[in-house]
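Going by the order they are written in, the chains are A, B, C, D and E; count residues from 1 in each one.
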Amino acid sequence: MARTRLIDPKGWIFLAALAAICVIVPLLNLGFPPGSALHLPTYLVSLFGKYLAFALLALALDLVWGFCGILSLGHGAFFALGGYAMGMYLMRQIGSRGVYGNPILPDFMVFLNYKDLPWYWLGFDHFAFAALMVLAVPGLLGFVFGWLAFRSRVTGVYLSIITQALTYALMLAFFRNDMGLGGNNGLTDFKDLLGFNVQAQGFRVSIFVATGVALAIGYLIARFMTVSAYGKILIAVRDAESRTRFLGYRPEHFKTLAFTISAMMAGVAGALYVPQVGIINPGEFAPTNSIEAVIWVAVGGRGTLVGAALGAVVVNYAKTVLTGVMPDAWLFALGALFVVVTLFLPRGIVGTAMEKFGGRRAAATLPPEPEIPPQLAEEGQGS
Amino acid sequence: RAEETIKVGILHSLSGTMAISETTLKDVMLMLIAEQNAKGGVLGKKLEPVVVDPASNWPLFAEKARELISKDKVAAVFGCWTSVSRKSVLPVFKELDNVLFYPVQYEGEESERNVFYTGAAPNQQAIPAVDYLMSKDGGEAKRWVLEGTDYVYPRTTNKILEAYLKSKGVASEDIMINYTPFGFSDWQTEVSKIKAFGSAGKKTAVVSTINGDANVPFYKELGNQGIKATDIPVMAFSVGEEELAGIDAKPLVGHQAAWNYFESIKTPENEAFIKQWQAYRKNPKAVTNDPMEAHYIGFNMWVKAVEKAGSTDPEKVIAALPGIEQKNLTGGTAKMLPNHHITKPVFIGEIEASGQFDVVNKTEGLIPGEAWSKQLEGSKDLEADWVTLKCGNYNTKTKKCGGA
Amino acid sequence: MLSVDGIDLYYGAAQALRGVSLAADPGKVTTVLGRNGVGKTSLLRAIVGQQPVRKGVIRLDGREIQGLAPYDRARAGIAFVPQGREIFPLLTVKENLETGFAPLKRRDRHVPGEIYDLFPVLKDMLHRRGGDLSGGQQQQLAIGRALVTRPKLLVLDEPTEGIQPSIIKDIGRAILYLRGKGEMAIVLVEQYFEWARDLCDTYAVMDRGQVVLSGSRSEMVEADVLKWMSV
Amino acid sequence: MTRFLALLLLLIAAPACAQAPSPYEKFASDNYSDIDAGVAGLAASGDPRAGDILAALSDGRLFYRPADKTLFIKQGPALSDARTGAPAPADDGLKLVRANTRIRRAIEAAQGQLNLASPNAGRRREAADAVFKARDVAALPALDAALARETDASVKRTLTEARAAVLLVKPGTSEGDRLSAIPPIQARGDGDAMGALRGLSADPSEAVRAAAAKGIAAIETKLALLNAAQNVWYGVSLGSVLLLAAIGLAITFGVMGVINMAHGEMVMLGAYTTFLVQELIRAKAPGLFGWSLAISIPCAFVVAGAVGVLIERFIIRFLYGRPLETLLATFGVSLALQQTVRSIFGPTNREVGAPAFMSGAFDLFGLSVTLGRMWIVAFSIAVFFGLMFVLRKTSFGLKTRAVTQNRRMAAAMGIRTPYVDAMTFGLGSGIAGIAGVALSQIDNVSPNLGQSYIIDSFLVVVFGGVGSLWGTLVAALTLGVANKLAEPYFGAVLAKIGMLVFIILFIQKRPRGLFALKGRAVES
Amino acid sequence: MSMAETLPPVTQQGLELGPANRKKTTGALLYLDDLKVTFDGYRALRGLSLSLDRNEMRAIIGPNGAGKTTMMDCVTGKTRPDTGTALFDGTHDLLKLDEPAIADLGIGRKFQKPTVFESHTVADNILLALKGPRAGVASLFGWRNRVEAESIDEILTVVGLLPHRMRPAADLSHGQKQWLEIGMLLAQDPKLLLVDEPVAGMTDAETEATAILLRTIAKDHAVVVVEHDMAFVRALGCRVTCLHEGAVLAEGSIDSVSADPRVVEVYLGR
């Protein structure tokens, strides 16, 4: 059997580009003094770092949506949970440098009269524990949620909407001040991570590179999963879930595994995002954030992995530029971008490019979606 | 080549949930800058506004703040509305050492070197408002509903108020505290709860820290359930002329708001300001409100400070600002205090059918803003003074500056 | 009535029909025979307008219709019984039949009784959802639905697929009945050779997207046809 | 400080009150305590002009001349002497007698006392009610007098209740009187009655305390029942709002399969249409204001429907067969629509007024039913059944369902699919627009209006079962009622979270919603 | 799916396979007894009983809507009957297992309407069907990643799809999809094959080929074939069961069944 290679040409281009960025950006930032024409301002480093974190989120989403047909409208939840885990660690690192000088309690707890640290904050003063939680919390939620939903054969829009309900419920919960996680203000005013000052230039460059590396690893994991027989089964599940059952596969296992791994990837993305933007708050759980992430994937090209990452960068870059250049009309431009992409690049940027130049359709290409309403669209199962 | 200008950043959401409140603040800043330029600018240079849209997204606030300071090299930033947006940009201002003027009433518990708070601290709004409600003129309220949106500002304010009320002898069972989510729109149950609470035979008043969009449905429901101000007055801290423009005010006549500015206050300065604003917006019905005045004060203070320092260098401007005075639009003179808050008069206004406020009470003189609340356990020993102590949270007990 | 002249049809880059011609006349049955994947369905799709043709002309009553949208062709008198039935699954049997009213004038909007005579089972199941019927029942419904539009040209794609023998006979009788009325031209794609042979007036055999053999039934040499139909 | 000042003023005012019997001078003041005293004095004076003067004060039409403290009433441009009612010449030097909430309260109490003698029975009952609520001891003589005169049974009962309530607070009422005052209050049985009885908890007499406790218990049971019923009503009304918001989506999403993120913006367009219609009516034909909503309904339908048709023709139609991508395109559309409205109408809320028939509330066996909500419930049900009729009973509905179930086959049956598609999407959008008319009555009319409903709408449609209109109805009402029943116990936030979690779990049980379509039809 | 209330027993026609006969039949590979299925009040199966020996081939005929496909749905776990017994290999209670577990026991199925993985190539469709471990981890690291092309091509040759091996299955014509599904069934290599209308849409020559293929398979597998093509059924040369209204109407050799007047009446027609 002609096996698909782990890294195909577009993968090489992607990894090479990523490697180049991870070298050039630090070089331009650290290697040239501010004021030099070649100097890259530190704020841009963090901005790019943020894009890369989003790219990892998009990649995670593409793994489940593009290859498994699970349109998650709640992936922001995993991202935010990872972010909170990191935020809690960063909060504990502040120690007695908070405004009230309390060595244990973060500031917001002091002025809301907390006496002790809530139990779920314990352990977060250790980086290793926090890092574990970055994976474990989103992973566990993804596993439990996925296992329940997939076992009950919740599919299609039903699944999409309950993922949205999930993130919405979490948003409301985290908004509550009684949750002990800072309520609406969230966690902010971070000082240092592993002893490095999060504001320092060196730190910003390092975490940028770390995000780049995480993205590359995420890509390789996703790629490994999708080129193996496992990936083929995922696609089979996506196209005709119940048919796979009659072949003896248990789609719920395959989906849950993919969903859990994807959730963990999203969690890592969130954890890398937080120190770079300096705040994590319940707004990250907002359903529109998750929908936006889906849109990055669609813009870049669903089911292409590279495209998802590219889409995240493109859309967010457009957002950064447009909110600055045309603050009153950027929504028009962004809205138009989405419409134009759907109409003229039906497979997204990368998907369309692959179709143009790539010749044969790969197995991951999407089937023509059935022309039937959503209640029918989930399973194309014959009698 | 264009001549050299001084750039001023404007960091207010123009889209998303907060656009409803913040967009006018952007406009008022543009107006003030244009006016200053007409007067010849500052230090002989013209001011150039840099507007960005952080889109009601808190991390984006931080990103945009960074962009304004690092890329556009602004001399100062006027912006933010919600506390979380301020908290989000704080580290950026500290790191890049720039100046933020924050124009909205807030929960206090903060004093930062780089931030100047031109809105009210709790002692400049909440406490006087409650004092009024307890007074004979205010209706001698004995039972209290503290109704708020579930976030930091109402939580803190209510905490302060609860402590304050208890210190005034109000029993626990006469205080009901209630929180609802952001953008809450179905107020039937909450309002009927208030109604029930208010039917216990004691004069009841509601102190509302309900935020933003949720106010309109709240007031509509009050009107629908026939709760008149004479039954249970509602004292709001976040409802101004702007918000009322979206509601039919007739059923709300007599409900109250506490602010440091009302459009209806007749002073020559205010009349001129309103005229200028309506001309600028080309809309004879455009209304003014409290945070707009805060920006007016903040901006003029900044101009004076720059001129005093002879430079826009944030370092020097920060040093120059405390002590700067600027006339309020409503009479009296605001003064920037060493704790980076300002002195303010406090007014209680009652809603009129026209959607304006009738000022029914005014504090004697101006009240200095307190960064740290005297009512809260953790903060009553803290003091902010950036002039002599050079510290925002000096602990008078331990004689140490915390957090530094 | 129907004449198809030298049409080419493509799916993307792959060509499925090459210069196919076909004719059908009122009161006559034209069958199209051929192995799997030779392009029979593609030909019918071209006629009813579900797939555009790249070359060639399709005429109905002398009028060129290859540029018309499928619904306009239906309004011009073409009815289609597709392979795989394509019943509207959530509509009841009655409603499925009523979808055929669209091209009709208001006064014609009723289900002709002869349809229930041909397929009595439909009458029993009027209020069940079309999608719930068994395969064979759906096939009968699909034919009935097509007849509701009182077509000039009836296009059937493998109508016997999955049908019990007695009903195949019924369908055969129905086709003969319709042919006998002399108003309707019928194009029939079929695999079931003997049955098709007995019904048809003219025939065409396809292979690899081309018509390789055609003529009237009287001239048909069975062995030649069967040769094209074996593997 | 302020309190102290007020007290001081009171002390100064009190003797003044005793000296000068004429209450009129009291009004000529900037001090609310003086004005308050004036109101009380006027009410007690029995002056026949008191009613007019108090009304003028409450409306901001009462003026005084600082020089001689004469009072004037302004009626339109005309000025009259308040004391005599004689017309007076215009005067520039007049100052307004200001009223604040304290004064308005006093006015209400005074008017209440005056109204006790009103010839209108309804007025009298209201007045008696007001006295009951205020429990003002000063009103006792007026009450007694009124009770002696009263002939109407129901007014008499209210008066008795009021008198009982006043007796309970009056110092020095004998134990026997206190005891006999309890039963009428208990019979009244509402929150205010409970408040009155609660006041007895510190009563010196054991018997009175016991009787009051019994009364309170009785009222509590009754109120608990009422409360439950009230909450159900609130739930129904919340449900009807959810239904309205979701029902258009039930078509564009449920029937057509378009993941329509711009649905909320259609609702918003409907609300803004209402605003425009009202502005136009206010400017051109104020007399029609009562009809403004009725006029807005077709307008909103047409506006939102037309926008829907445009969206379908220019965007959606290229996406049939790619349902998931409609999410992307309609999200883009929704951003653009929001910004368009923001640019045209500004970011702030717009005021949409309520016509008279929708304002206020009425009492239904102790339940308080607000008229606005009642109309919305009725309206949503009407819209629902109207839509049901269109989809189930008309040929358009049949075509719609055929097209959405199998577009290709529908075309082969001669159905003009592009037309049906455009009209169906237009219908869904138009209905969303109509929802906007109703929502403008209870929510902000701002560019963000739609955003706040979109998630709930999707939840309702999915919870009910995509494609099932009945499902949408039942889901909306279920979620509304469940939410409102939970709210008093858990608070608004937890109730909402609970509801979301419930939906998530419920979908595990019924993966295709409440009214799942079953059988082979769905799978084939 | 709701299998509503238990229905009153229906008088069974044809062979009685009541509890009394059970002893004899538990040695059977597939044993169905008194299956009843109701869909929204419609009784699709009304006490169906059937028994199939090892390596037996059985043809099932019966009018449209008789319940043939529903019977297969019950055996493969797609539909849960209201009542009845379904045993596989004498020991496995099929009614307690779900679809993958049943497939795992060795029951494979071809659907009436061909159902293949449309965006996979023809070859990958076969690859996924190949017998072997089905677990997720196994597919991530297991042998399925290293299957040689030859073993797949062998199967594709049998079903005549070798030239199409790299085409997406979506591009196949209707009949080609039928063949692909048969190929997948072969690859799965189950103990019991349930084949629903395999020759629908095939030419006569292909029909013959299919009959031969099935007979070869039946040498060491049990096969249940549902068909309406009587010539094909005859060519299978096996025992025939005729279903009607959810129960067995007649069973026996092709000649005896097709001579049965009731079968002629409801099924074959005159």
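The criterion applied here is as follows: a contact is a pair of C-beta atoms (placed from the backbone, for glycine too) under 8 Å apart; a residue touches a chain by one contact, two chains touch by 3 or more.
These are the chains along with the protein names UniProt gives them: A = Amino acid/amide ABC transporter membrane protein 2, HAAT family; C = Amino acid/amide ABC transporter ATP-binding protein 2, HAAT family; D = Amino acid/amide ABC transporter membrane protein 1, HAAT family; E = Urea transport system ATP-binding protein.
All values reported here derive from a predicted model rather than from experimental measurement.
Following the contact convention of this document, A is the list of chains adjacent to both chain B and chain D. Between chain B and chain C, the least number of touch steps comes to 2.
When you average the Cα atoms of each chain and compare centres, the chain farthest from chain A turns out to be C. Chain nearest the geometric middle of the protein is A, using mean C-alpha positions. Between the chain pairs A-D and A-E, more C-beta pairs are in contact across A-D. When you average the Cα atoms of each chain and compare centres, the chain farthest from chain E turns out to be B. Separating the centre of chain B from that of chain E, both taken as means of CA atoms, is a distance of 74 Å. Note on chain placement: the centre of chain A and the centre of chain B lie 36 Å apart, centres being C-alpha means. Here the spacing of chain C and chain E, counted between their Cα centres, is 30 Å. Once the centre of each chain is set as its mean CA position, chain C and chain D turn out to be 62 Å apart. Each of residues 14-15, 150, 179, 181 in chain B touches at least two other chains. For chain C, the set of residues touching two or more other chains reads 89-90, 132, 134-135. The set of chain D residues that touch two or more partner chains comprises 338-339, 405-406, 408, 451, 467, 493, 496, 517, 519-520, 522, 524. The touching residues of chain B, counted against chain A in their complex, run 14-15, 51-55, 57-60, 62-64, 66-67, 70-71, 82-84, 87-88, 90-92, 95, 109-110, 150-152, 155-156, 159, 179, 181-182, 376-379, 382, 392-393, 395, 398, 400, 402-404.
Listed in rising order, the residues of chain D touching chain B in the complex are 1-3, 6-7, 10, 32-33, 98, 100-102, 104-105, 108, 133, 135, 190-192, 194-196, 198-199, 230-231, 234, 237-238, 241, 338-339, 342, 346-351, 353-354, 359-361, 368, 370-373, 441-448, 451-452, 484, 487-488, 491-493, 496. Residue ranges on chain A touching chain E, taken from their complex, read 1-3, 224-225, 228-230, 232-233, 235-236, 239-240, 242-250, 253-254, 257, 360-361, 363-368, 380-383. Partner chain D is touched in their complex by these residues of chain A: 71, 145, 148-149, 152-155, 157-158, 161-162, 164-166, 168-169, 172-173, 175-176, 242, 287-288, 291, 294-295, 298-299, 328-329, 331-332, 334-339, 341-343, 346, 368-377, 379, 381-383.
By the touch criterion stated above, chain E contacts chain C in their complex at residues 39, 42, 61-66, 69, 112-113, 160, 171-176, 178-179, 197, 200-206, 209, 228-230, 266-270.
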